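One structure below.
A, B, C and D label the chains in the order they appear, each numbered from 1.
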Amino acid sequence: MTTIDNDTLVKWRREFHRYPETGWAEFVTTARLIEKLEAMGHTVLTGESIINPAFVRGRSPAIVEKAKRAAKERGIDDALLARIGDYTGCAVVFDTGRPGPTVAFRFDIDCVNVQETDRNEHAPNREGFGSTNPGYMHACGHDGHTAIGLGVARWLVENRDMPLKGVIKLIFQPAEEGVRGARPIAESGILDDVDYFACGHLGCDIPSGVVVAAPERYLSTLKMDMRFKGKAAHAGMEPHAGKNALLAACNATVQIMSLPTHGEGMTRVNVGVLKAGEGRNVIPSFAEMQVEVRGENEKINNYMTEEALRRAKGVAQSFDVELETEVMGEAVDFIPDDEMTAYVTDIAQTVPGVKEVQRTMNFNGSEDATLLIKRVQAHGGKAAYFVVGSDIPAGHHQAEFDIDEKQLFTGFSIFTGLLKRLSA
Amino acid sequence: MTTIDNDTLVKWRREFHRYPETGWAEFVTTARLIEKLEAMGHTVLTGESIINPAFVRGRSPAIVEKAKRAAKERGIDDALLARIGDYTGCAVVFDTGRPGPTVAFRFDIDCVNVQETDRNEHAPNREGFGSTNPGYMHACGHDGHTAIGLGVARWLVENRDMPLKGVIKLIFQPAEEGVRGARPIAESGILDDVDYFACGHLGCDIPSGVVVAAPERYLSTLKMDMRFKGKAAHAGMEPHAGKNALLAACNATVQIMSLPTHGEGMTRVNVGVLKAGEGRNVIPSFAEMQVEVRGENEKINNYMTEEALRRAKGVAQSFDVELETEVMGEAVDFIPDDEMTAYVTDIAQTVPGVKEVQRTMNFNGSEDATLLIKRVQAHGGKAAYFVVGSDIPAGHHQAEFDIDEKQLFTGFSIFTGLLKRLSA
Amino acid sequence: MTTIDNDTLVKWRREFHRYPETGWAEFVTTARLIEKLEAMGHTVLTGESIINPAFVRGRSPAIVEKAKRAAKERGIDDALLARIGDYTGCAVVFDTGRPGPTVAFRFDIDCVNVQETDRNEHAPNREGFGSTNPGYMHACGHDGHTAIGLGVARWLVENRDMPLKGVIKLIFQPAEEGVRGARPIAESGILDDVDYFACGHLGCDIPSGVVVAAPERYLSTLKMDMRFKGKAAHAGMEPHAGKNALLAACNATVQIMSLPTHGEGMTRVNVGVLKAGEGRNVIPSFAEMQVEVRGENEKINNYMTEEALRRAKGVAQSFDVELETEVMGEAVDFIPDDEMTAYVTDIAQTVPGVKEVQRTMNFNGSEDATLLIKRVQAHGGKAAYFVVGSDIPAGHHQAEFDIDEKQLFTGFSIFTGLLKRLSA
Amino acid sequence: MTTIDNDTLVKWRREFHRYPETGWAEFVTTARLIEKLEAMGHTVLTGESIINPAFVRGRSPAIVEKAKRAAKERGIDDALLARIGDYTGCAVVFDTGRPGPTVAFRFDIDCVNVQETDRNEHAPNREGFGSTNPGYMHACGHDGHTAIGLGVARWLVENRDMPLKGVIKLIFQPAEEGVRGARPIAESGILDDVDYFACGHLGCDIPSGVVVAAPERYLSTLKMDMRFKGKAAHAGMEPHAGKNALLAACNATVQIMSLPTHGEGMTRVNVGVLKAGEGRNVIPSFAEMQVEVRGENEKINNYMTEEALRRAKGVAQSFDVELETEVMGEAVDFIPDDEMTAYVTDIAQTVPGVKEVQRTMNFNGSEDATLLIKRVQAHGGKAAYFVVGSDIPAGHHQAEFDIDEKQLFTGFSIFTGLLKRLSA
């Protein structure tokens, strides 16, 4: 029994879509989740009770402060902001009071740094819920994930007397983009007693009506920033007096982009952003690069990481510049547990509107839920990660991305189906 | 006879130092110049009467608009801003009404994009006239040049009945940094009737007490922006689908920085700024580079320009990305006229405090006054460019740069000495 | 019934090991094969009857001429050399005179450009059959393949009255290294009537006692030479007058080695050899590169080929040098036929000494037998490619490589097993 | 009085032209010089009496051995070869027995590694004295220098009773190309008592009839070989297992070719030769580069040297390969002594056929006579280096280079003119 229908999920999703926030800056999003969850009757955990600050990465204090100010301007009250503190995200721990397993689900809540299209055909524009936060957009479906999570939260309260047993944890995770938010959650220990863990994603180039029970080939990845610091000099008068950080970065890029592939499996490498130099006629004294490597497994990813660092260090020596590197995010590969895969498969086959349950697919991307999964598996728990297909007008992270809102209920149904199986 | 003494020049210099403005954004500076010059009784030309818009380069509308707003906030009134219009800088044309030669001097008024040091030992801080415009600083001495120009303007009025003869033009040029402002002034035609032209610079690694009458080796230069446009793609899922503009730019940089030198004379090349990429996990779809080449003369500079463009075009083909190039500034070399050099030498030797008049030095930099000089020479006029030595605590364009204010009067004395010789 | 035992195969293998010859230069090897095959009573085809010259690639006339002279010096008589003509390799077409299928096997006969170790522990040295052709070595096992082929040839004669039926063709292929020799054999048409085709390889990191019935992941590949032609100039006096082919090649290498991987499957790229420049103080006027690309399938390989050429063309434009490219070799991927895989599996399981028949493995290399296989399959035939494991003291192509000679008989047994099944 | 006329010089020049030998391999050349000089009555020094082996650079034992064998084949007898020993070149020390200054001249005797053109219009072909040593050619005029030196030697004997006074030393230096031979001669001490030293060069883009008394801008230079040693691996099967020396060398080249120029004077850099890699499908395990840097003076040259090495070391670290560097040659800049310049000027003006004596020119190249000159100057002696103009059909080091043989006598006349002035 539930009062949740697709319209409810759609309403929530659109509310989140209208105000997307980037990783570690989800203050409005987190505040609204707390308000809604507490209104349902849940106790909500925030801040360092779910986030281990020692493992927070890729968090810009400047962006955080700006987001806090924006949250105030949008009317989020100070007490709520104080509860959130420095770290966004929140979690519900729903203790049924009855003996039973601990089940946890993760929903990611951040957006991507993309300016939403202004074309009127784009449904969020046509229907009036396009992004009001310039430069940011829910272009990866996390608005839908968040809405599904809220639906599950209400379902819990409504079905407490099914009776449900054990403990259910709902993690609303910040900063999935850049694979930053999962590690500090894992390291908070909140999942260490979890017996069953599940996570899902909308879209992923799978059409509406199809569910993939156990995608494979999550790539291990490491995200690094590299910063070179050299010495400025007048480019006309004394070019020899400079230490050219820009040229170092260009050579590092050229070297890193030619890392050899690995005989044992897939590799990826990207220098996605490069910014360097203070002026046209100055030997550039600084450069910063956003780098990521990936590998089909941790061993290969570690190989790529080491080689990328080796190249950067060598270049720093070549150009007599200083090198500073910072880990900005990480994710691993994982192997889904057959038991959980079987549950997802069975359940999905009974969800109305699901025409096909596909066993697997190549994910070929990275997802930091894998760090949560590995933590759960390391403590003896079992895990699933499934994809809920959704027709999309444009690829993930693109300005015209949108989800097929009808699939929100599909996702909700699989999660609640798992609860009926595991917690009832 | 003049009421101008060094203290007057210092006062003005400090006023301009306190509010430095970057090229094409000198609205406060220009407004104050107009006020002061008109208060002296001069007629002041502005906007398109001295600037040919077709040759304006390296002007950012966004920066201009921001500077206009800042000027309003600092109290510059709308009528004055309207007179300035879109193009900063101004000129005095002082017609004595008596037959005689036309003499023109140029004073540059813009600053550089450097954050002034906050160390207290730095004189502008100690004396309370440090930059109040964050990120900008008069770190090249143009504040002093501007003050000297104002001094000369007042001297003209005070000495009208010497009597002076002919016409005297004082050009307060915007956007010398980046060698952008001179070309549109030259193309306005304002210098086409000039018989004698002079320009000077403070500092240039020449100590206080020394004047260099005719520096050599002004480098011809071309400033170009290069923009590569590729195609974004998910770096994990389909790296092959992208067209990597960042990697193209890095390879273009590597190729351009290795342009061969020229057997016939000095060359320089710099990629001073590089910005590329939208995100760590996206094959970068755009990149922009700020490039400059220089050569000991126009032929060598043209060779460098052609080769740099050739490299960029080849790289665009290699990476299947689009290339857009834009000229952002330019300057040429020049040969000083012996007659003017002799005048400067003679005059400088009589200026109190000048201990040595050096014939020449290697300038080894670029200066867009050369374009004005070439224009004057092309119409039969004669030109000089001299350096007024000044002890400096740090090199030009550095955060701790400062000038020896006592040398302001030296500069003033040479300019007015030329007028006594040529216009009296 | 056969007189062939492992000792016979070992004797032949050692004879070929002692005088290894590189691709298209196997004159001594071919001459000895002809002599031995004719001594057994076979008719031997040579030259253009099995090689279509229009598709011969990667053949150096200078090396061929040198090899011919060396063959004469080693006593190969002129008549035999004349029969071989310009193209090495030979084939036996054994017509039983009885109706039946056409079965073909391929044995490759060339060596690699490696100097054999002089360490005494190395078996060929200890047993006195090390390479006597400096710089060349049978370091890939083709000496063993050749010996096995000879064994099969004698078996055919000995078992003619089994009775055998149909036609059996034994192809002794030159120039497998560099994947050069198969294409011109395929294009000669000699395999167009083949119903069953098989080929095998010793070693491949599979231990002695294991046979792999149907390896997968043969990489499609294209081998290209790239030559840049620029213009020499004195590097001190007029560096600007040169067109630097060496620097072009280095940039091409850097660009080609950073070709993006492909989202749909494995890629490889290598610039294996680079030679450039005429002297230290000369702007280099020429450069040549030996390049290869590979892809998990033809589509990916074509993508890599196009991108590598695109990079090279762009670099040629960047440096204003001429580019010449030449295809030097090629191979494709293939899918083994289940029927043949089943035969190999069944037979191998009965061969004494075979402890395990493994279904598949990742080959992860290229093999030009795939071109023969594709030709056979295109004409309706079926094909197998199997690996006969062999303990090896060092990897293929290394100076200390050697094969476990006991496995020669395993290979021989599988080939003759296939004949008993298909031709008896 | 002398029996030397231009025809004699031409005859000798053609003899040396016919058999050019590369640096440290001038065994035939040295042998013939010894024979001719001894026939004139001179005592000839060879080997370690003029060469300090500790400073011999850029000498290939393989090339030396081959040249010795070739010398034997050409009939040079064993006794003569034994006298030459391992080091080519020779010197005459002509002691007049009368008190007077020590005067030394240097003549370089080696050729360049260029294949002489086979075009018939090329005078050496038309007249039948083209190079008979394939791949080598006197394409820099050293054949002419050698002939002039022989002429001066005979003149000495003929004019002993002028009377000549003091000591005259004639140095026939090996290995000027690559600036290798001068340093070990300087370090032998043979010039340490020299009061006046002179050296000359034919050609240098100065036309026949012109003599340049004191060229300037000899570039300091260092010639280095760089060798990278990595690890081979199969490029398809395990690309990650290799250490790519070829790619390291390409990156080192790219980095070294983009060394910044120097604000204080001219720089040059060249990677003239690059050889790397064992085969197309092998991750290349070795690479070698021939590098040279130059600077307008020693300080700038040292800067270039340090930066080039820094780049190479950084690249070695980047690619985890070993780096080995070896100095192969060197030269310095120098300042001619006015006294000697005046002598040359005076004398040249009296030489028939000299239409103009030009004071100076930019040499813009390197010449290891500078090391001899610096040694002489360091011991208080004075030095000149002059250029004897010669119309040339093609630039130095090109296949169609030739000298205007009429200028041989001009060179001879200046050297003997100096002796008449200094030693008579």
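Just a few scattered comments:
By definition in this document, a contact is a pair of C-beta atoms (placed from the backbone, for glycine too) under 8 Å apart; a residue touches a chain by one contact, two chains touch by 3 or more.
Please read all numbers here as calculations on a predicted model, not as lab measurements.
Residues touching across the subunit A and subunit C pair largely coincide in numbering: over half of the numbers involved belong to both copies. Interface comparison, A-D versus B-D: the higher number of contacting C-beta pairs is recorded for A-D.
Each chain gets one centre point, the mean of its Cα atoms, and the points for subunit A and subunit D are 67 Å apart. With each centre defined as the average position of its C-alpha atoms, the distance from subunit B to subunit D rounds to 48 Å. Shared interface positions of subunit B, i.e. residues touching 2 or more other chains, are given as 237, 239, 247, 251, 254, 257-258, 261, 263, 268, 283, 364. Remark: subunit D residues 237-242, 244, 247, 251, 254-255, 258, 260-264, 283, 303, 310-311, 313-320 touch subunit A in the complex. Of all residues in subunit A, those touching subunit C in their complex are 254, 257-258, 261, 263, 266-268, 364.
Put simply, subunit D touches subunit C in their complex at residues 112-114, 178, 219, 221, 223, 232, 234-237, 239, 246-247, 249-251, 253-254, 257, 268, 270-284, 287, 290-292, 294, 328, 364-366, 395-398.
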